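Shared chain: chain A. Partners: chain B in the first complex, chain C in the second.
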Partner chain A sequence: MILGIMPAISEGFLLLMSTCILLLGTVFYQKQAKIIPWLVNFSMFVGIILILYSAELPTGLYLHGEYAHNFLTVLLKLVLLIFAWIIFIYTNKEVESSTCVEFYVLALLSIIGMMVMISSATFLTLFLGIELMSLPIYTLVALDKKYQQSSEAAIKYFLMGAVASAIMLYGISILYGISGSIDYLTVQQTLKNLLWVGSGNYAYTFALLFILTAIGFKLALVPYHTWAPDVYQGSPLSTTIFLASVPKLAIFAITAKLLIEVFPVLVEVWQVWLLVIGIFSIIIGNLSALVQTNIKRLLGYSAVAHMGYMVLGLAATTTEGYSAGLFYLITYLIMIIGIFATLILLDKQLSIEHIQDLQGLNSRDPLLAGSMLLILLSMAGLPPLVGFLAKLFVLKALLTVGYIKLVIVALLMAVVGVCYYIRIIKVMYFEEPLHTDLITVKPYKRILVAINAIVLLLLGLQPVLLMRYCEMAFLI
Partner chain B sequence: MIPLEYYIYLSSVMFAISLTGIILHRRNVIFLLMCIELMLLAANTNFIAFSESISEISGEIFVFFVLTVAAAEAAIGLTIIVLIYRQKNNIDIQELTELKG
Partner chain C sequence: MLLNYLFFIFASITVGCSLMMILTKNPVKCALFLVVTFISSAGVWLLAGAEFLALVLILVYVGAVMTMFLFVVMMINIDQVESFKPKIWRYFLVSMTMIGGIAYCMYLAIKETQLVGRTVLDREVIDNVSAIGMKLYTEFGYSFVISGILLLTAIVASIALVYRAPQNRKVQNVKEQMQTKKSDRLKLIDL
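Coming up: the complex of A and B.
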């Protein structure tokens, strides 16, 4: 156990910067509005540098055993910060200027919470990380004070999220009672010993089920998915892009950590749970998305389906499956950020609500329409793009452990998924626009969206660029 | 000295009451907030009871953090409720029906 704050240096810096931004924002209310995006860009840049710097440290537990540091945590934190930075660039000047400071401060605090979750090594850091991640997001959803749907989405999200964390806390308290400790390693050892002795104590299975329920809520998997479409639809677009993307990374991190590190002895229980819930998420997510007309709601249901595929990767319980799950998640985040970014850029002129608002986008802005086309085809999982490979890796990992029927169902549902993505493409390309004026967007954002789409094509041709790191993360 | 089991019975009853409250009660949002609070307290009871019976301190430290988090959570929940009250003049959960599909 090494006493050192170095692995948490990036979190510390971001905390410092977020308080500075809060102070600046309250003291110089209107005048400093321009400097704040620059400060955010600066803090994200330095945060990434600090993470790369701390990557050199020896792996192990830090801060009295509360904080883990290994390749997986460094990789996930790096990806998290890069994606968050891209989101901040896209939302620059798109957030209403009266809530600009609040947006950045809350988002930064939420990112710190996610980083704490990713490197948690005890249940205390895990719980505090989850809360620090979720509480700012509830507020972000309600940020648009005049919009009635926004506060309705916020209260729904808040109630669901708070119940989920309370259920998880109860599970943790049972685990503490069984093992007399709150750090992952001791709990794992105790469970192993208990199972080896063959003690008929099923309390730990209950604890696992409580924790899995909470994870299901947070990832919006099927019996617990009802909040996702509502929240996606109700929150302002700059919040939706944030809550639809980066929190998934942190929750993936704790899911993988808890299941692989803490509950390896209960693998039969959680594998069945993940398989059942994953396949139902895919079925219900895709079928419900078919009938949606609101594009944000449609993306909410498609998120349920995509998380189902990701969870199926974890359910293979092999290194191949875990890395396929991580690969799926990272590529999904690239797609969802790209698609919401396009919607944000179009929102000022088209006020995006329904799919029909995108009518004839191709004749008004070929570049944005083209990028959206690539992203949507990738989400649908068509071959030259990375979405296809991500699904292929997950299903291949499942096939090698012999779940042929599940793979067939997942494939059929992927075909169903293609329908609703194609419908959006049809509206963009084959319908006449209502107005003919061109879309005006800042050039650098336009280029960023195009790069976003090209990355998908590039990764589709050379998946090894990303897959190598995903495999390294789970090698140990 | 009260045996450990009794504390566990108490906490599981508290947890069950609050969970059924959340599932069955479909009117006032404040009631739901109180149920969530009770769920956290049930977990706290567990932590303190276990910590006392195995003389290990980390459970009690956990409780401090949970109490702090519960306060923050209640603050945010009440803020959102105030926001809804300003827009609709009531906090009936049945009337929150704009998001559907």
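Coming up: the complex of A and C.
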């Protein structure tokens, strides 16, 4: 019987550690203790090891069918924890010291929520996971009380997120009304049977559209993207790096699970939806990013565009397309974490807000500027770097299913994207700095950013290293 | 037959009161309409045979949550809030078209679909409370634990948001004192 909970051991350990940090935080509150970041590092490390351990266990459903355990969930959780660990290393000492404990506890709880989402096997755990992921993030956005913008961003994010959750819940309730069950397998079976008889098609489509709308909100795809730039801009950088990166993994997981496992019969419906919404995200995201002067807003709009590419990968509805989407997402997360990490490191001296704040970065700190250059070029999708390959895989998957016009539009928009990334590079390299003092950053963080950039180059030369696992995740 | 009439009475009260809750401008009245909505939906649940959930809804939401909510609303100065009167008519046309569209789609969707009735409970357990208890701690144990974590998150989050450390406490910060440089405290002005 104890074997039944073993796959969830990593979640359990993280829960234990987050409550420990919460308790210790009340004791060491005044002392600016170094123990808290160390505990966080420890828990992430052990969490990763436990995930690797659970990979050995037989796949299937656990905990009365509420917990799915297979290669996809293990891979996504592993990537999630590694990225979260990197984020915690970057944000170490950059979070305001008076809210340091709360930051780490809430972030850990949010990570538990994401893991619950990734391994959900019923709509109940799916919804609870989404809430457990989102609630701490809403709070993290508003955590810096001195900053007026952040409360505005938090309210916007909270209202949008709550509406999205309500919409998703409504869709789930319709599904429950038709099938009388909330677990993925039963819903899928009833759907298949009903379609065989020839009734219930409309109702299922209706429910599916509600769920897809909620997913669109959470991924910030085009008609529902309005919150993203505001939230990116309004929240403190240490929160932005968190909310801009890891939650996307969890939402990708549920999107892939729901579409592939629960609604395979309605593939025409969701394919069209994904294609339309993806291409509009690419167009509007890139065009709006062109005119931004605030770098966080710019990254917000570029996130919309990148998620559009990722969704197009899913819309190919082939194994190749799914793995291309996952590959795109993981490489995008490496880039976005790197870029926000650089901004965090520079924030103390330059107080980053606009693109112009990066003026002449090259002469003040060649290493950071160089890493940022690599990351930005990769985001723009230039050849030796992995951003190019990620786009290539997605578009190739689309081409093999025969959407040539869409591919052409996506390529044109990628060219538009290059413009605004190059603009940042121009400001960093070809403009004179306002001050000439050197940037002081802890050496290990500097090295980590450099490694982050080099990984992009390495993956660009050897994409098989990552692509192999992405393909394995969707082989059934 | 009587049950059907009762259902429609409760359902129309629910819909009407939730509409009124959105449309009224006075926050206290809004909260009271929400209370009525809760009570009538508890009635609907009673008719569906979920008497335990109906009682919990009244006890928890009406008894505790809404009372607290009303307290807060009454403590805030409402006159101030009232200057932000919602301008519902501005978006009337757009919203009504959207609601109409969604309602029509929903009608199409539900029209030809056979909805499943409520799931039948095990025969051995007769009353709702023990049935819920059995399910909660066995079949839905995992979800139950996650809901617990969710509540913990809510506590941490709300405290993190509203807690403000004492502002003018006169405590020495030794590290800061040691690291202070001349340039931090002393400002030279050219005269």
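Worth pointing out:
As a convention for this text, the second predicted complex is superposed on the first by the 470 of 476 C-alpha atoms of A that agree within 3 Å, B and C clash if a C-alpha of one lies under 4 Å from a C-alpha of the other, contacts with A are read in each partner's own complex, and residues count from 1 in each chain.
We take it that contacts are C-beta pairs under 8 Å (C-beta built on N, C-alpha and C of every residue); 3 or more make two chains touch, one makes a residue touch a chain.
Keep in mind the model is a prediction, meaning the values are calculated, not measured.
Once the two complexes are overlaid on the shared chain, A:Ser98 sits against chain C while remaining clear of chain B. In the superposition on chain A, contact is made by A:Leu124 with both chain B and chain C. When the shared chain is aligned, chain C comes close enough to touch A:Leu143, but chain B does not.
Once the two complexes are laid over each other on the shared chain, residue contacts for A:Leu314 go to neither chain B nor chain C. Touch criterion not met for A:Ile86: it reaches neither chain B nor chain C. After overlaying the two complexes on the shared chain, residue contacts for A:Ala341 are found with neither chain B nor chain C. Using the contact criterion defined above for the overlaid structures, shared-chain residue A:Leu135 touches chain B and also reaches chain C. With both structures placed on the common chain, the touch criterion links A:Gly180 to chain B and to chain C. Look at A:Ala153: by the touch rule set out above, it reaches chain B but stays clear of chain C. Across the superposed pair, chain B and chain C both touch chain A at residues 124, 128, 131, 135, 138-139, 142, 145, 174, 177, 180. Chain C contributes residues 105-106, 108-117, 119, 138-143, 146-147, 149-150, 152-154, 156-157, 160-161, 164-165, 175 to its touches with chain A in the complex.
Contact residues of chain B toward chain A in the complex are 8, 11, 15, 18, 22, 29, 32, 36, 39-40, 42-44, 46-47, 49-51, 54, 56, 58-59, 61-62, 65-66, 69, 72-73, 76-77, 79-81, 83-84, 87-88, 93, 96, 98-99, 101. The residues of chain A lying in touch with chain C in their complex are 8, 15, 19, 22, 32, 63-64, 66-67, 98-99, 102, 105-106, 109, 112, 116, 122, 124-125, 128-129, 131-132, 135-136, 138-139, 142-143, 145, 174, 177-180, 199-200, 202-203, 205-206. Considering their complex, residues 123-124, 127-128, 131, 135, 138-139, 142, 145, 148-149, 151-156, 158-159, 162-163, 166-167, 169-170, 172-174, 176-177, 180-182, 229-230, 233-234, 292, 294, 297 of chain A touch chain B.
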